[in-house]
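Below is one structure, written out as structure tokens; the observations come after it.
Order as written gives the chain letters A, B, C, D and E; numbering starts at 1 within each chain.
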Amino acid sequence: MEQILNRLKQKIEIKSVINKRADLYFITIKKEHIELVLSHLKQQENFTHLAFLQAVDYIEDDKFQLTYMLYNYDIKVNLGIKVFIDRDKSEMTSIHKLWPHAWQYQRELKELFGIDFPGSPRVDESFVLEGWEEIPPMRRDFDTLAYSVKTFYQRPGRTTNDPKRYMKEKLYKNFAKSPESGRNDE
Amino acid sequence: MSLKDIISPFNVWKRAAQKPWTIKDPLNDRPGADNYRGFHKNDFDKCVGCGTCEDICQNAAIDLVPVQTVETDMSDSGLRPKIDYGRCCWCALCVDVCPTGSLTMSNDYTWVTDDPEEYRFIPGADKMKWDDCEKGYKRAENFQLIDFDRIKMNELGVEERSSSFIEMVKGYSKEQAIEEAERCLECGICVARCPAHMDIPEYIKAIREDDIELAVQILYKTNPFSASCGRICTHHCEDVCSLAHNGEPIAIRWLKRYILDQVSPEEISKILKDIIQTNNKKIAIIGAGPGGLSAAYYLRLLGYEIEIFESNEKGGGMLRYGIPEYRLPYDQLDKDIDYIVSLGVKINYNTKISEEAKFNEIYNSHDALFISPGLWNSIPVNITGEELPNVISGIDLLNKVTNKEEIDLGSKVAVIGGGNSAMDAARTAKRLGADVEIYYRRRIEDMPADVEEIEEAQDENVKFFPQTTPLEIKKDGSGLKFIWGNNKMIYEEGKRPKPVLIKGETFETNLDTFIIAIGQNADLSFLPTEIRDNIETKWGKVVVNELGQTSVEKVFSGGDASNSKADAVSAIADGHKAAVGIDRYLNK
Amino acid sequence: MNITTKILYAIISVLVATAYGLTLGGIVRKIYARVHGRYGPPVWQPFIDILQTHGKRVSISHGYMFYLGPVFRLAGGLGTYLFIPVIFGSVVFSNFSMAGDLLLVMYFIFFGQLGMALGAGEGGHPYSPIGISRGLAQMSTFEVPFALSVIALAIQYNTLNITTIVAAQQGSILNWTLFTNPLAVVAAMISLLGMNMHSPFSIVLAPQEIPIGPPIEMNSSFLATLQTNRGLFGAAKLVLFMNLYFGGAAHPNIFIALAIMVVKTFLIYMFSVFVGAAFPRFRPEQSMRFFLKWPTIIGIASIILVAYF
Amino acid sequence: MNKKDINNIEKEMKLANEGLSEKERTLFSDARPTPVKPLNKYLEKFLNWARAESLWILAFGTGCGAIELRPLMTSRFDMFRYGIAPRPTPRQASVFVIGGYASIKTIKRIVRSYEQMQGPKFVIALGSCTINGGMYYDSYYTINRIDHYIPVDIYVAGCMPRPEALIAGFNKLKMQIKAGKCDGMNKYAENFDWYKENQKRVIKDWNMPDYNW
Amino acid sequence: MSRISKNKYDNFKADRSKFPQMENGKAIIDLDSHKFTKLWQGPQHPGVTGNMAVELTISGDEIVQAKTHVGYLHRGFEKLLERRKYIQCFTIVCRICVPEPDTNEYCYSTAVEELAGIEIPEKAKWIRTLNMEMSRLASFLMWLGGQAGSLGMGAIGQWTVGMRDFWLDLFEEMTGGRIYHMYMIPGGVRKDLPEGFIMRAKHLVVETRKLLFDIEKSFFNNAIIKSRLKCLGIITPEMVDEYGIVGPNARASGKEYDVRMNNPYLKYPELDIKMITSMGGDAFTRAEVRYQEIHQTLDLISQILDKIPEKGEIQAKIPNVVNWKIPTGETYVKAESTRGEHGFYVVSDGTKYPRRVYNRGASYTQAISVLEKLAVNTSISDLAGLMVSLHTCPPEIER
């Protein structure tokens, strides 16, 4: 595995290597290099199995992390390749030419994260959602509970009590009603 | 297509001759497995309404609602979980996490209805057909999702500690504190139980997030004596901790101490940023104990000018003079007092108000008074020989130790009493080099002292003689000779067991010193007669209303002199309440 | 005998046959259930099912032909049944037997299917034309060995009257066509598998791929009619086979004769159940190829055998 | 009443069939469904008995509930002996078993299948998800309560309800039918607008006829 | 094992010179020409596996184009998991795959343990291994029934689902749940094996073996089954890589990939287990491979039952779960489900809630890309059988 990574390092710059387990590595590379790296890994290093392609939303950094998980049948190692792309203009090179089934992941990402993969087959067709009008739901700024409450109105008639507040109310109401404390809270 | 392939499939007909697998009557023949996760049951006697089940439920299926049959009291919120079967997924996380073990599941699983609104019920309150079902899911013994074991605090060895007055527990390190804080379930039952109603879950949360500043701010909202309280508080909060039902409660007291251990006195004022705006009203406070000082603190924050009159040469009252140093080092107490003084509270030390004129002067020159004189008079045992010189009171002993006076107790000392002050006296005597025995009327488990104190005393080789009553003290050379009687316990429904002397069973011991620590009284003699007559008292304690006001409008009272709990945190709470009361009274 | 009595008898005969056919269906369901390792529905379940479907309050139709589909189907079943003498020698159960009724019966077997095809096609659901095309294609193929076998019989007995054929088989068990012309019986029994539409020839009604096939849009009373026909037609087929190949049911006592009929038809039916439980279904082209291969050859062989030996 | 009013009423009784193209509109009925009165008392009672004893369920596994239908219809539980049988097409089915949560994409098909069923028709809702959202109460893609979209006769608690609970549900349904209480079909027709409004609120991509009886 | 000769492949490929006409590798389908019909199989259709739909364009009985539609079971799991504490997630992950929930539980729990740096006790590992194999067995039995049912042989389905139910009884005893076990929890398992469990399980292994031999006689030695499944939906070895095919589907095409042996986890290294592969790649080979794997699983269960220690801790010490924070990190944990590599990719950001939990469903590509490719040129009669032979599980595709 070391050798593979060294060979890869000669070609491009690898930002970080994490060895999570004996059979699991993660590397971070630049967005531009993805096609080069993947085709190198697939053709030269025998990482022939694309286990998945997924995104993680880092909203506070304004980035999407894309993870390509590859597997090598010979050395039996999983290699995760991480790429960071901009959240605003989220667009990525399509890899359906390397792995025909990648279109499926890309179509899902387009729908659930709003990441575009120009050139990928059927990328604009809806995948699991139908008639979706909000922002892509897997983005972190989409609040699913609020949407659910707004759209699917829950069965009414439920109330709950916080034990702390309830006991205050019941047991030392008078004291509680006085100013929380004598301290100025500024 | 071989012939075998055509004939072999007819093998299916073999099954037709066999007995079918079908269950004849699936509705009755098949109860769920022994630990099947069926419908919920709740044992109301165990449940305290802590709401952990509500917190853990990922479906938001549980509501806490008041139930008619359950009263809210200090250890029970009076709320009970109401489960919405329109949400539940029968994962039994609520059962696993239930700290009291009251919530379980039966192995019943059939509930069919045409009205979906029915699917909301309070297990335990609403009669359900599976209530008597014995089988069903319960948390396994060796499986737990919450941590029932307290993080141990480093402490001195028995040898080391029983020979010196160095503080015996070391305090938590940061890792330990965070780990301990993580055990908290944030139920908040402790808040009600705490006399000062400190917001315990919040400051524990602050510890967890490692935000000491916030924690200090939360502490000072309700308790200006946190450094002291973090050591000697009677921590009733820990008794009601929901974890205490099946394990060890959160070390709330130690965590409080941990917060104050992290900050120096200078940092406290930086963190609190208290700004004082004066409002030109003056308040007098008699007694610089925890009650008086905390009243002073909160009143000062509200802008009042405070003057405190204290008979001793240092502040702190019982905290200083009634609690041995190995439990509360004086520098910690000074830390608390110094901060209050730094806000501009004026304390007149060594000022005993013994004349009426003096009191009247104070009474007239201030807008309101707060009196918290404390309990300094020891209650006698009322037996012959009590007046002998080697018979002293516990409070005197502690007082003398604090004042660093020379004390000679001899080699064999007996302490009578079962409260914290008895333990303090006994352990102090131990540290002064004596062999100590404790005599008590009832059994050990009936002792009002903290369990840890008793255990620690036992560790330190203090001998216990429960169910004994002193009958007579005689002088025997330089020492004393005692006659004790044995007691038997008489149990009555709903009452504390009553000790009754067994006639004829007596024994004798020889002692050098006898320490009486069965209780103390307030000394209200400083009050002028007309005020003393007007102030209502009961069992020797000043009667006050909810906000500390006595029957004399202008006079507020608190601390041991007026509350029956006689511990530091109640005094602090009294001070706080009275501060609020005075503020209301003056701004009416 | 006047025509009124004749019609009255025919009605009784139809009712008995329908009831018998439905009960037989119920029994077969139970037998299948035993193979599956369970108890299965009550024997009378088909009757309740018919009541239930009839009892629907609303019913959607897709045009006139849609109405006619089930009617044709039932007409086919009735037609088939009414020209088969059920009990040899019985007045009540002789139906409208006449010379050449065998031809008529064979025509009616086809007629029902065709009518159904027209009606179901009107439903507009894509699965019904697929089912129909399969059904008709498969039917044409299983008709081939059956027709060949009937031709062999016609040659053998020199008649096209069912009653005569039954009469020729009386006397001894060895007179049954089963023993006199076994090849024809084999060919016919194989085509019975197709006719009964149990596996492996159930592709027409396969719920797994073309949900229920032609009757997919049939609902309420339409379906009830089809179900009724299923009972009647099923009984008719079995009686026909019994008459042609297994000596018919003949006894002076009508009840014993009926019992004989019941036993014989049940056993005949069990043959296709026996095969059906053990096999999955063929693809349509496979089943067509199957029928056109061995059964057809056997059928031809039987004709040759009868004609020349 | 003048002619104009009658025209208006007729117009109101017709449905817009929104979502369909002009060409397709003619293919579907635009008449509003109307409640059907029960027959003569005794006959109806007899028919109700027949309906209860022969429950044909629509083979539409809408959620996880489908998993327990499989054991139910196979050898261990054998629902056939209770007169319950699966039916592959909605036209012939009389019971709709909603197997738990329904995503928006499925609720569209549920509505359509339900409307295609011939009345009287019954609905059994399984599991928490159909009652108040269940464990997907905060999901953006599953509805919370099925009774807003189609009338429901019986609810079975559980996640998933076991086959035995399902059998108990069917038994209860039988009792209700025999008592003549299951009138979901008429309820749907009477509150047609309310149901349609609810359905259209969640199904954003409404490209089906309003009425598909 | 049947080995399909090269020639037979060629024979199978239909003559597509006439229809539909191809242009730039795409078929021109003109519906108005009435040569083609659009046909939807699903979602309300007894022949599809679960709740999904295949949009078919057919010409006669032949499928010329297939498009899979999923999303009918979409619940937004991955979004929901972002809102739940680590411990709360474990109740919901098992819902991702209904017939075989335990793989999800295992993968998720292990991922969390790995991120938190927890090592679970020995006994818990054994119990987990047992649980995983039992769930594989239950799922395989269901599949076997489905495969036979899709071809119209109901009896097999009745037997296997019935037998599966006996295994579910064991699950119920062990875990307290019938379908959703919610048993493997981050930190270990929730309960020790009940008394007498091992004896009952051993007995049931024998019973299952008996049933399997009956099935072998009537299903695998069945002329019609052979005639229908052979040459159906051939997956060539090249396709395995191209389409990310895993599990028995890949092994039936000669790919030696079984997570239990390639990247052993739990107690598999201590068990005697051999990879089952075959050449051929058609539906019948896949069925045979699965059939052998059922036997293998039964064998493993017996081995585990023999080796499982009697006493031992079942849970590692975990902090109070209400306030459990997991350090920052990410990991990918995979396990062999009946459909192949089933994995969880968990990213934590140091809070109480996971940043992202992604579930790689084993049949994700198999039900869509692969099915769409294999369905072309088959008869609509075979579609149901083909779909089952790929062993698709819709809930794990759309999640």
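Just so it is clear, a contact is a pair of C-beta atoms (placed from the backbone, for glycine too) under 8 Å apart; a residue touches a chain by one contact, two chains touch by 3 or more.
Owing to the predicted nature of the structure, the values given are computational and were not obtained by experimental measurement.
Think of each touching pair as a link: the shortest run of links from chain B to chain D has 1 of them. Note: the chain lying farthest from chain A is C, by mean C-alpha position. Set side by side, the interfaces A-D and A-E show unequal numbers of C-beta pairs in contact, with more at A-E. Closest to the middle of the protein, by Cα centroid, lies chain E. Distance from the centre of chain E peaks at B, each centre being the average of the chain's Cα atoms. Chain C and chain E have centres, each the mean of its CA atoms, that are 43 Å apart. Centres computed as Cα averages put chain A at a distance of 47 Å from chain B.
Rounded to a whole number, the gap between the C-alpha centres of chain B and chain E is 56 angstrom. Each chain gets one centre point, the mean of its Cα atoms, and the points for chain B and chain C are 88 Å apart. Shared interface positions of chain D, defined as residues touching 2 or more other chains, are 59, 74-78, 81, 88, 105, 131-133, 135, 137-142, 145, 159, 162. The multi-chain contact residues of chain B, meaning those touching 2 or more other chains, are 9-12, 15, 20-22, 32, 58, 84, 86, 89-90, 116.
Across the assembly, chain E contributes residues 45-46, 71, 74, 76, 79-80, 83, 91-92, 155, 158-159, 162, 180, 218, 222-223, 227 that each touch 2 or more other chains. Those chain pairs judged to touch are A-B, A-D, A-E, B-C, B-D, B-E, C-D, C-E, D-E.
Residues 20-21, 23-24, 26, 48-52, 54, 56-57, 67, 69, 73, 76, 78, 80, 99-101, 103-104, 126-130, 137-138, 140, 142, 144-145 of chain A touch chain E in their complex. Partner chain A is touched in their complex by these residues of chain D: 104-105, 108, 131-133, 137-145, 148, 201-206. Every residue of chain B that touches chain A in the complex is listed here, in rising order: 49-51, 54, 62-66, 72-74, 77-79, 84, 86, 116-117, 120, 187-189, 191-192, 197, 201, 220-222, 272-275, 297-299, 301-302, 546-547, 576-577, 579-580, 583-584.
Residues of chain C touching chain B in their complex: 31, 33-39, 274, 277-279. Here chain A touches chain D in the complex through residues 128-134, 137, 142, 144-145, 147-148, 151-155, going by the rule given at the top.
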